[in-house]
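Each structure below is given as C-alpha cells.
First subunit A sits with subunit B, and in the next complex the same chain sits with subunit C.
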Partner chain A sequence: MWSSRAKYVLNRLIHGLPIIFAIVIANFFLIRLAPGDAAQVLAGEAGAASEEYMRQIRQQFGLDQPLYIQFISYMKNILMFDMGYSFRHGRDVSSLIFERVGATALLMFASMVISVGVGVLLGAVAAIKDRTILSNVIVIFSIISYATPLFWVGLMLIIVFSIHLGWFPTSGIATVGSTMTGWQYALDIAHHLVLPAVTLSFFYMALYTRLMRASMLETLGLDFIKTARAKGLSDRKIVSRHALRNAILPVLTMAGVQVSSMLGGSVIIESVFGWPGLGLLAFESLFARDLNLLLGIFFLSSILVVVTNAIVDVVYTIVDPRIELKGKLAHG
Partner chain B sequence: MLLIKSWKNGVRALALASAVSLAAGAAMAAPQRGGTLVVTTTPEPAIITNALSSAPTTAELATKIFDGLLEYDFDLNPKPSLAESWEISPDGKTITFKLRQGVVWHDGKPFTSADVQFSLMKVVKEYHPRGKGNLGPVTSIDAPDAHTVVLNLAHPYAPLMKGLSSLETPIVPKHVYEGTDFRNNPAVNNPIGTGPFKFAKWEKGNFIELQRNEKYWREGKPYLDRLIFRFIADSSTRAAGVERGEIDVATFGTINPVEMRRLEELPNISIAKGGYEAIAPVMMLELNTKRAPFDDKRVRQAVAYALDRNFITKNIWYGFGKPAVGPISSFVKGSGAFTDQGILKFDVKDRLDIANRLLDEAGLKRGANGMRTKIVHDVAPFGEDWRRMGEYIKQALARVGIEVELRNRDYPTFVREVHNKYDFDMTSTWSIGMADPILGVQRQTWSKNINPEVPFANVSQYSNPEVDKLWEAAQTEMDQAKRSQHFHKLQELLVADSPLIWLMEMDLVAVQNDKVQDLITSPLGVRGGLYDTWVKQ
Partner chain C sequence: MMNSTNLLTIEGLSTEFRSPHKQWFPVVNRIDLQVTVGETLAVVGESGCGKSMLAHSILRLLPRRIARNAGGRVLLEGRDLLALSEDEMRGVRGKDISMIFQEPMTSLNPLMTVGQQIAESILEHEQCSVQVAARRTLDLMELVGIPEPRARFHQYPHHLSGGMRQRIVIAIALACRPKVLIADEPTTALDVTIQAQVLALIDKLKRELGMGVILITHDLGVVAEWAQRIMVMYAGRKVEEADAETFFTSPRHPYSRALLASVPRPNDVMNGVVKPLAEITGTVPPLDRLGGGCAFADRCTMGTDACRSGSPAFRLLTPSSGVACIHAGN
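And then the complex of A and B:
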C-alpha cells in the first residue's frame, strides 16, 4: 500500500520536472521585460552617482554581458541548484531565501490550518442547519470576509487588538532585541503570529466555507445518504462518517491549488505586519530589480507548487481510497 | 459646543504648560546610562557602509558605526572628531590635521593616519557617489607621522571643510579593506568602525542591532546599550508601532505627514525638529528645457507663478517645511550663501494674471476647451504624498490653461525613462543641498552634469554659460564674501530662468516617544552618531 503510494508520488514529481524547467526559462526572459536595471536603482537610491560608479556596478553584476550569455550561465547554475548571488544584498540567493522561508512557511501553515479548519466547520454547519438564522449569518459573514481587502482587515485588527486592547504586538515575528529562548521564545513567536495568520486566513476561510456548504448540501442529497438514513444510522454518524468525507474533497483540491496563491497573499500580510518572510523579499527585489533573487524565489515557489500538488494527491487517497485505485490503474 | 471647545483649549493649555515644565526638567536631568532605542526607517538599506553608498538609510545606520574627521555645530562650523585640530595654509592648498591618539577600531586595532589616507583617497573619493564633489581637488595625502595627515590640493576648495563628517567622508579601517574588492568585502555588511556603536546583528527584512562600543573615545559615551533599527514595509503599521510604544523613533518618510500630525496629539509622542541643517533638503519640479513647451523661459516662469507654495506646504505636507525662494535653502544662512534679496518673487498677488500673460506672450493661445497646451508630469515614486502634490499641480496649472496628465511609475522605470532617457516634460523630486551649495545644489544646474548615464543630476539639461562660470568660480574662491556674492548672483539668475521650480524647504522631522532624550544634538540629527541620546527609564 505505502510503496505504491510512494511510487505514485515519485511519478508525479518526475512529471513536474519539465514544468519547473519551463517555468525557469519563461521567468528568466519575462523578468527582463521590466524596464530599468539594478544599477539604475542603486544609483537612484544613492541620490547621486558618477558614470564610473554605474559602469562599475554593471560590470560587477554582469549586466554588461549579452542576454544569451547571461541565460546560459544562469541555466548552468540552476541545474546545479546554484541560484546565484544577490549583488544588492551581497549574499548568496540561497542563503537569503532559506533564512526567510521559515517565516513564510509558518505563516502559511498557520493560516492554512485556520482557514481549512474553520471553513470546513462553518460550511458544514451552514449546510446541516440550512435555512436557519445561523446558516444565514454564516453565509453573510463569509461574503463580507470574501469581499474585504486583506490589508484593510489587517490594519483594523491592529487598531482593535494591538492599539486599543493591547493584546497583541503590532508587527514583527518576535520581540526585537529580546534574549528569550526555548518555550518562551516559541510563545513569543506564536503571540506575534496570531494577527497575521488570522488576517491571511480570512479570505480563504470565506472561500472554503462557501465551497464546503455547497458540496455538503449536494452530498446530503445523494442516494447513499438516503441509504444510510434508511439503515437507521443517527444523523451524527451520517454526517461524520459519510457526508463529511465526501464533501471535503473539493475543499482539499482548492486548498492545494491555493498554496501558491497564498504566497501572493502573504506579500500583503507580510508588509502590513512587518513579517520578515519570502513574500516581502520578492516584493522588494522586484522593485530593486534584483533579478537573481527574484528568479530564485520563483524557482522555489514553482517547486513548492509541484510538491504541494503531489501531497494533496496523497491526501486524497487517504480521504477517498477510490482515487488511489484509479491512479494505480492509470500508471499500470 | 462652545463650552466643549474652550474646555478642550483649557486642557491643551494645561498640557502645553506641563510639557514646557517637563522639557525644562529634562534639560536639567542628568543623562541615564543603559537601555535600548528602537528606531524605524525605510527602506531597509542594501549595505551599511556609507563610504561606498550615499543611500539615505545606509547613512542613517553607518553614521553610528563610523566617525568622520570633523563634526559641525548648528551654524555648520567645524568641530573636532577624529581630527583634534587643523590648520589651513594661507594659499588654501594644504590642510594639516592632527589626529586623536588612542582611538581603536571595533576589532581592537589602533586607528592611525594611514587609515585616513586610505579612506579619503582610495575609498571615499573613488567609490562614494559624492566623493569627487567633496574631495575632488585633493591630489595627494601625506602622513608624516601616525597622527598627522596633510591634504594637498590642486587649488583652494572652500567646500572641503564642510564635507568631512561621518555622513560624507566616513573613515574606514585600512587593514580590513586594503587589497580587497571593496564592494564584495564581507566587512561591508559586518562593518568595523571607530564609532559609538558596534555592529551586532542583521536579520534581513526585520531589524539591525547595534551595540554600545565600550571602548569609544568619547569617554562615558554612548549612553545607550543598544540601538535597533526596525524595517516595516507598511507606513500605517509603523505609525501603530509608534503609537503603541514598540518604536521609539520614526525617521522622516516612515510616517505620512497627516499621521505625524495625529500622533503628535498623543500625550507621549512628539515631533523632533532640527537636525537637517547640514542636509538642507529642498523639494522641486524639474522641467525639460530641451523640449517644448518648457524650452521657453516664459512658460517655465508661468508655471512658477501658477503654483501656490504656501498651499503646497500647508495642505500637502501639513506644514513640515516652508516655501522655498530659490535653489539654496535658508538652512545654510549662517554661511552667507543664502539670500532672498533681488530674487524674482512668484508669490505675488496678481500671479495668475502674470502667468496668463506670459503664456500668451509665448504664443500658447487657449483652444476651444480653454487649454493652451498639454504636458505630462512624471510624479516622483516616493509615496502617496507626492501623488497628492501631483494632483494639486494638475489643478493649479489647469487654471492657467496648461493641461497636465499625471504619470505614476515604479522606481526603476521612473529612473530609466526620466533620468536616463530624459523622456519627460516635468518631474518632481527633492534634493539635498548639503552644507555648501557646491556639494549639493550645483549638481542640478551645472551643464557639466548633463549626463544621461547618471541619474539625479542635471536632468533639466539646463545649460547657461554664465551660470557655469559662477559655479566654477565659487568652487575655488576662498574669500567668504566673494563666494557669497557668486551664490547670490546664481540664485538671481536661476530663479529668473526657472529651469527648476523650487517649491519647499523640507523639514525632515522625526517622530519620537517622549522618553527619548537629546535625540537631535547636531545638524545631522538622527544621521549623527546618537552618542548623546539616552532614554528615561
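And then the complex of A and C:
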C-alpha cells in the first residue's frame, strides 16, 4: 500500500514537470511586462542616473542582451537548478531563497493547522447546533472574518495584542540580538509566530468554517446517519465516528487548493509583521526589479504547489477508501 | 386480535409534524396495532400515507424540531417506549427493535468497513471484547448469506453490490437479536431477483430468531407472499386491517379495493387485448390541510356527503379484522 503510494507521488511529480516548465516560461515573459529594470532602480538609489552608469550596469548583468538570448541562458541555468544571481543582494538567488524558505514554511504550516483545525471545529459545531444562537454567532463571525482584509486584521492585532496588551512582539521572527538556544529559542520563535499565523489563518478559517458547516449539515441528513441512530448510538458517537470524517472531505480538498493562495497571502502578512520569509523577499525584490530573485521565488512556489497537490491526493486516499490510486503513468 | 404472545402493542399512537406556518398537524393518527412472535405485519399504502412516519415514530427517530408525539403508547412486552428517557431509548434501538431502511446504497457509512459497522452495533449494546464482536460479526455475515465473510469483513460498502449491502444492513439490524424488526421498504431499491432473496432471508431469520416483523411496503405482490396480516394506511390513519387471506379475497375498504385493482395481473390480457390498468385518481391529500371528514372521500367511488361530514371510526368486523369506512358493512 505504502509503496504504491510512493510510486503514485513519484508519477504525479513527473507529470508536474511540464507544468512547472510552463510556469517558468510564462513568468519569465510576464514579469518583463512591468516597466523599469534593476539598472533604473540601482541608478535611482545611487543618485547618479547617468546614461553611462546605467549602460554599465545593464552590461554587467546582461540586461543589454536581446530578450531571447536572456531567455535561453535563463532556461539553461534553471535546468541545472541554477536560479541565477541577485543584483540587489549581490548573492546567489538559491542561497537567499533557502535562507528564507523555512520561515515561510513555518508560517504557512501553522496557519494551515489553525485555519483547518478551528474551521472544522466551528463549522461542525455550527451544523450540529443548527438554528441556535451559537450557530448564528459562528456564521456571522465567519462572514465578518471572510470579508475583512488581511492587512487590516494584522494591524489591528498588533495594536491590541502588541501595543496595548503587550502579549506578543510586533514583528520579526525572533528577539533581536538574543543569545537563546534550544527550547528557549524555539519558544521565542513560537511567540513571534502567533500573531502572523493567526492573521493569515483568519480568512481561510472563515472559508473552512462555512464549507464545513454546509458539508456537515448535508452529511447529518444522509441515510447512514439514520442507520447509526437506529443502532442506538449516542449523538456524540454519531458525530465523531460517522459524520465528521465524511463531512471533512470537501474541506480537505479546498485546503489543498488553498496552499498556493496562502503563499500569496503570506506576502502581505510577512510585510505587515516583518516576518523574514519568501513573501517579504518577493515584495522587496519586486520593487527593486530584482527579477532573478523574483523568478526564483516563483519557481520554488510552483514546485511547492505541485508537490502539495500530490500530497493532498495521497492524504485523500487515506481518508476516503473509495478513491484508489492509479500508479500507471498512462492514467496519471 | 389480542394475543398472549404479543411482542409489540401500539395503542392510539399519534405523531404530529410542524408545518412551515408553525402549526402542528397529525401524520400518524391514532394508530393501533399488534405484532406477535413470528408474525409479519405488512403496512401498506401510497407514498405519503404515513407508513414510514409510523415506523420512525415507533423507534422515536423523528427530529424533535419538526415532529412530536401527540399521545398513545408503544408497548414492547409491556414497557412503554414513549415514557423512556432518550438514553434508555438508545438501549432499545438496535437491541430490542431494529430497523432496515430503503436505500442499501446509501444507508452504510462509505468510510467504514462493513465488518466494523456490524460490530459497532454489538459493541454498543453488549459487554464484550472486540475479538468476540468480530467473531459474532463473521457469524452474522454468514447468517445473512454473505460469501467469504472473512474477506468481506474488511471491505468497504462500495466494494459490494446493492443486494450484498442490504444483507449487511440486515446483519446490522440483527446483530443483537432484536425482538422486532421494522423493514421500511427494504427491497424497493433492489432488482426483482434480489428482492425475492432479501425477503426470503428476512422471513427465514424471522422464524429462526423468533422475531416479529413490521414490513412497510407499497408492493402488494410482496405483501401477498410474505405477510400474515395487513394494515392499510391512508393519510396517517389505519383504514383497514385483516389477515392476508381475508384481505386479498374480500377487501372491505374502498381504498384497499382500489389498491388491489391497480395491481397488474396476467389475466388482464384477454384475446390479445390489454385491459387498461385501474388507477386511483388524484393523490393523497396534503396532511396539513385535511378537513374533518374521511380523507379518502374525494377520490372514492362511493364518496357521499356523509363521508365528508365526519371521520369514520375504525370498526371491528371480525375479531381479527376491521375497517374505517361507513359504507363497509357486514
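In this section, the second predicted complex is superposed on the first by the 324 of 332 C-alpha atoms of A that agree within 3 Å, B and C clash if a C-alpha of one lies under 4 Å from a C-alpha of the other, contacts with A are read in each partner's own complex, and residues count from 1 in each chain.
Here is the rule we use: contacts are C-beta pairs under 8 Å (C-beta built on N, C-alpha and C of every residue); 3 or more make two chains touch, one makes a residue touch a chain.
What you see is a predicted model; the values in this text were computed from it and never measured.
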Superposition on subunit A - do subunit B and subunit C clash or fit: fit
Partner chain(s) touched by A:Val41 [first = subunit B, second = subunit C, both, neither]: first
Which of subunit B and subunit C A:Phe224 touches, first, second, both or neither: second
Partner chain in contact with A:Asp320 - subunit B first, subunit C second, else both or neither: second
Touched partner set for A:His242, first subunit B, second subunit C, both or neither: second
Partner chain in contact with A:Leu280 - subunit B first, subunit C second, else both or neither: first
Touch count on subunit A, higher of subunit B and subunit C: B
Subunit B versus subunit C as contact partner of A:Glu99, first or second or both or neither: first
Touched partner set for A:Asn292, first subunit B, second subunit C, both or neither: neither
Cα-centre angle that subunit B and subunit C span when viewed from subunit A, reported as a multiple of 10 degrees: 150
Superposed arrangement (fit on chain A Cα atoms) - minimum subunit B/subunit C Cα distance in Å: 47
Subunit B and subunit C footprints on subunit A, overlapping residues: none
Interface residues, subunit C side, partner subunit A - complex: 59, 61, 65, 87, 90-95, 98-99, 101, 103, 106-112, 120-121, 124-125, 156, 158, 169, 172-173
Touching residues (chain side subunit B, partner subunit A) in the complex: 36, 38, 43-44, 46-47, 53-56, 127, 129-130, 132-133, 183-184, 188-189, 203-207, 209, 226, 228, 230-234, 236-237, 240-241, 243-244, 246, 410-413, 415-417, 419-420, 431-432, 443, 451, 453-457
Contact set on subunit A toward subunit B in their complex: 34-37, 40-51, 53-54, 56, 60, 88-91, 96, 99-100, 151, 155, 158-159, 162-163, 166, 169-173, 176-177, 270-274, 276-277, 280-281, 283-284, 287-289
Interfacial residue positions of subunit A with respect to subunit C in the complex: 131, 222-224, 226-234, 237, 241-242, 245-246, 319-322
